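Here come two complexes built around chain A, the first alongside chain B, the second alongside chain C.
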Partner chain A sequence: MSTMVATRPRLEQGTTALQVTELVKEFNLSGLPWPGQRKTVLRAVGGVSFDVPQGTTLGLVGESGCGKSTTARLVAKLLPATSGRVLFQGEDILAASGARMRSVRQSIQMVFQDPFSSLNPRKRVADILDRPLVLHSGLSKRQRLERSVELLETVGLNGDHMVRFSHEMSGGQCQRVAIARALAPGPALLIADEPLSALDVSIQAQILNLLVSLKSQRQFSMIFISHDLRAVEYAADEVAVMYAGRIVEQGPAVETFNDPLHPYTQMLRAAIPEANPRADRPAIRMQGEPFTPINPPPGCCFASRCALATSECHQSQPPLEVKIPGRTAACFKV
Partner chain B sequence: MVQPLLEVKDLTTEFVSPRGIVKAVDNLSFTIAPGETLGIVGESGSGKSATALSLLRLIAPPGRISAGTLLFEGEDLLRKSEREMRDVRGKSIAMVFQQVMTALDPVHRVGEQIMDVLRVHLRMSPQQARERAIEILGAVRMPSPEQVMRRFPHELSGGMRQRAMIAIALACRPKLLIADEITTALDVTVQAQILDLLDDIRREFNLAMLFISHDLAVIARVCDRIGVMYAGRMVEYTDKYRLFETNMHPYTNALLEAVPRRKEDELRPIAGSVPELSSLPSGCSFHPRCSRMEPSCTREAPQLREWEPDHWAACHFPRQSVPVAQPA
Partner chain C sequence: MSASLPASISPSGPGHSGAVLARAPRARLRLRMVALPNRLATLGAAIVALGLVMAILAPVLARYDPYQIDVVHRLQGPSAAHWFGTDTLGRDALSRIIFGARTTFEVSVGAVILGGAAGIPLGLLSGYFGRLVDATIMRLMDAIMAFPGLLLAIALAASLGGGLVSIYVAIAVSTIPHYARLARSVTLTQKARDYVSAAQVVGESNFSILFREIVPNCLGPLLVALTLDFAHAILIESSLSFLGLGFSPPTASWGLMLREVSPFLELQPWEAIFPGLAIFLTIFGFNLLGDGLRDVFDPRHYEL
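The block that comes next holds the complex of A and B.
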């Protein structure tokens, strides 16, 4: 009976779990039409393309408002996209019907930032974990109960936690329950949206290690979203650095952070303080603040903060192109 | 030895809760010299913010400061009347908070908010206050200070709001600035700018600072001396080089190893979670999570002791003079 989860066809290593092409999300901020009012559009995601090969982790990094969470929600189809294409295991899910999406959703699961608000405060852990199993597993009540306890053990909790409410647990424990709930339907893609930011420093490492080890045990693919470059470097194989709704640089995690190509990635890298009192002060002068792409300019959104910018950068959008084999950047000056 | 600007001795702040009396700050002692920055690092519930609020006597019932002395320039703040305290707050000791949007008044312009401080504490005329406010906004590197004077907080970006908060705090040229997690809500590139600004204003204003953060890397960047707090107590207290390079307390060491540095390095999380103050473990509060735990740790709470000159730790088994960075 546990067949539905177990026998769902898994793709071989080397194939693409997720393929995102020219994904765009615009929010209309104009409100009610008013005579003479200018149209105001927030282009939260402005044409983002990436692949997630089966069994790998893509890290999405960037500062607030860069579109990383919106991208995650578009991929999980929690928000309708303005345009673009999301192929999940070869199927265009943006075009899929509501009924079809309900079954696709068991394969795409999310873990959110705030573990308290992502768990229903009026439900016990047993009910929280039972729900996805009722919807997706086809198991009997007894089997579901056993599975729930198994899931808790996989995330480092135990059967004692089944009767708890979210307010009876710490932030780290709640995040573990949220991860167990996401694992319940046996997802092929796990989207973790800032899963560490709400946690204490000593707990962040526990959750980070848990996600990394679960991924290698269960061989799902992962999109790991964070503003913390170090966490992303640790968790991800590939990274995409986002700024103002676009990917400005993409490549293998370690290379991208050790030797960043795009001036924005360089700034981001230099801005992170080191846990070493003898460390040098950043050589790059920081200026400006993250840009909100409301009625974005024709040129590069980073141009106003960039030390290398010339008139060309203000006039046209630099395409994301291969600069070094395996690494891309969207900059005229690299 | 210079006369300390602030000397905190045996400070205890407790809150009455349904589950009994909870000590948010337990027997805390530290000093800050003029122009010096002390960093306090700890996780949630470690008592960092309660310490900051205690210094300004801003602990509201059901909380109270139950013991200790707070000597500021040789005078005990705990013996001052409420009227005298009002003169200390904002004038001699100023504070900047994490939640800028709630700390700034949303219905008053930034300029008015800076001028208010100057008019109340220094009895300046509106004209004088205005000139001084513009000058201070310049000192915090605010772009176009005259225009910002007329702005409301919601019209400013996150980084500019934090600059405005710092301007209000610096308006009366205080001797001590308390900064409670002031960069936590900011993006890293903006955080880097605010940290640079703090370097500059410390020098320009000869400012002493109590800098509170959960982020050891930020603390390393800003502070001269560092105190590590856990469950309301100071567990290690020394200068920044000793803290990062030859630390003694297992919690300090574990905190440093729990932060990802490079991909090759193994990430070693601290087991368990931060204890509830209402149900602290017996003996040393850290013992259930500690790698060096011995039976005596469960019975007796270690006192903060000076194991080496100017290197204090509250541990029965501190590691002494073993460099952390180079394992044998």
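The block that comes next holds the complex of A and C.
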């Protein structure tokens, strides 16, 4: 296993693996330009900045449609960004050329939400695992076969699964194959885009533990996306809470969830079911309309649902600023 | 006896091995689910196969030379000597229908291959690259589709003059938009699936993603469309020949046979019935086969 990781230069602990600055993605909903046409823009990601230090896990949380998956796809360069900068090991990958990008691809891998959809239904596991090795490893056919079986064993499967199609496996097994495929090129950054949400609860814990242990064994950095706060708290070192395409709060995972600063994070925290039915915990009632990302109004994106909102909040966007050392939040009221 | 067998293949119960027991109910269920469409599809396949055998073995099967004129015995009804009767020039109708199968299959295969070869790649590119490529190709297809299919084929055949090539081109051009739109829609469906994103992340080239990942998943619906379009091509060829824009006499073509006997319908209706029946049956066979294939492939993944 170690030979695979040793083929690329390892950065020292403490350096930054990924640095994202003011990342913006707008989708043009009006189609091809036409004279006299009104332009409709959907702002999926509105200026997101974060760092992922080498060897750590950043958790991205937020509700459906808040832009966490879009952010992941922008970082993996599956989508072209509207503006902003993504520095991966010091190199701006948004500006990278096609040939350069192909070698960067080796170092940024991704695990997707739906394990059935992320495996080609017409390919056997052996063929699925072979492709990244063909493209990046330079091994002979026989060596690639051995490496594929090794990879399957790493993720808790075995050589018997090599001949299977995705429809012949369970969701958890498919997700393990998807993780094995992502590990094949020996990535320095793994983006896990809601890797648990399509799985049974009993399988979720297994996959979560697998990702966490692989990360510590192989020392890659990880962006872990989920709407399950407890999973993020377990897997992530740092957490960034997203709402309506912006980061509203960021800080160490445990502290952020134990003592949330931003009203939205407090609301998310309050929505987690409590194991003890007698626990005395204030309920936070939802109010107002969810944010619409199409031609958004000025002001704080959460203002329409926030209990603390005043006229100031409806007029200008609060900046993401340090509230407690090491923790930031975008709110006038904190 | 059974003691000498290895444990894995020795019978676990009276008369059955475990593996057979486990597999049997699933197989029976699957059979029942596809039984009816399969029976019709088999009929369709049989009709198509019959036509194909006729086309290939025409010189062996035909009792007479389809071009041998015998004016004395013209427009006779079915008889022992001429099972399907004779046409306006006294040629044996059965022999002409057998040789007509050749013409029909040549034209339909040629036109479908030509139309598919042009339309399917256009649709794949359009669906995969989207944006300007998509807009350009699809507006072009819309322009072709603005003409009714048969009218366009007639106009093309008339302007290109008669003959095999012009018939191919006329049929192919009028069916290109159909292939392009279908290929585009199945490509769009597949492109939205995560395995395409996964291939991009792994570092596959566009060419590789399109042909290794997407195309194999599009083959089902496209195969169905191609099969159904054989029927369409046969109908257009017959119509063109009937209108005098397709094959010119004395070629043995079913549409042309209909045209030649049309003035004598009241005198000798048999001579119109047999070629008409041949056209009808062949189209019917291809349609049954296509419908059966459509049911075999998962119908949720595409629309025709």
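Heads up, the rule we're going with is that the second predicted complex is superposed on the first by the 312 of 334 C-alpha atoms of A that agree within 3 Å, B and C clash if a C-alpha of one lies under 4 Å from a C-alpha of the other, contacts with A are read in each partner's own complex, and residues count from 1 in each chain.
Heads up, the rule we're going with is that a residue touches a chain if its C-beta (ideal position, glycine included) is under 8 Å from a C-beta of that chain, and two chains touch if they have at least 3 such contacts.
Keep in mind it's a predicted model, so treat the numbers as computed, not measured.
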| said: Per the contact definition in the header, classify A:S83: touching chain B only (first), chain C only (second), both, or neither. | reply: neither
| said: Quick check for you: in the superposed arrangement, does A:R181 touch first (chain B), second (chain C), both or neither? | reply: second
| Of chain B and chain C, the chain that contacts the larger number of chain A residues | B
| said: Going by the contact rule set out at the top, does A:I203 touch chain B (first), chain C (second), both, or neither? | reply: first
| message | Touch test for A:A231: chain B only (first), chain C only (second), both, or neither? | response | first
| Which superposed partner A:S216 touches (first chain B, second chain C, both, neither) | neither
| chain B and chain C footprints on chain A, overlapping residues | none
| Inside the complex, what are the residues of chain C that reach chain A? | 131-132, 135, 193-195, 197-204, 213, 216-217
| said: Under the definition above, what is the set of chain A residues touching chain B in their complex? | reply: 63-64, 170, 172-173, 200-206, 208-209, 227, 229-231, 233-234, 253-254, 267-268, 270-279, 281-282, 286-287, 289-290
| message | Can you tell me which positions in chain B touch chain A when the two form their complex? | response | 43-44, 157-160, 187-193, 195-196, 214-218, 220-221, 240-241, 243-244, 254-256, 258-263, 267-271, 273-274, 289
| Complex contacts: residues of chain A adjacent to chain C | 32, 73, 76, 78, 102, 105-106, 108-110, 112-114, 117-122, 131-132, 135-136, 178, 181-182, 184-185
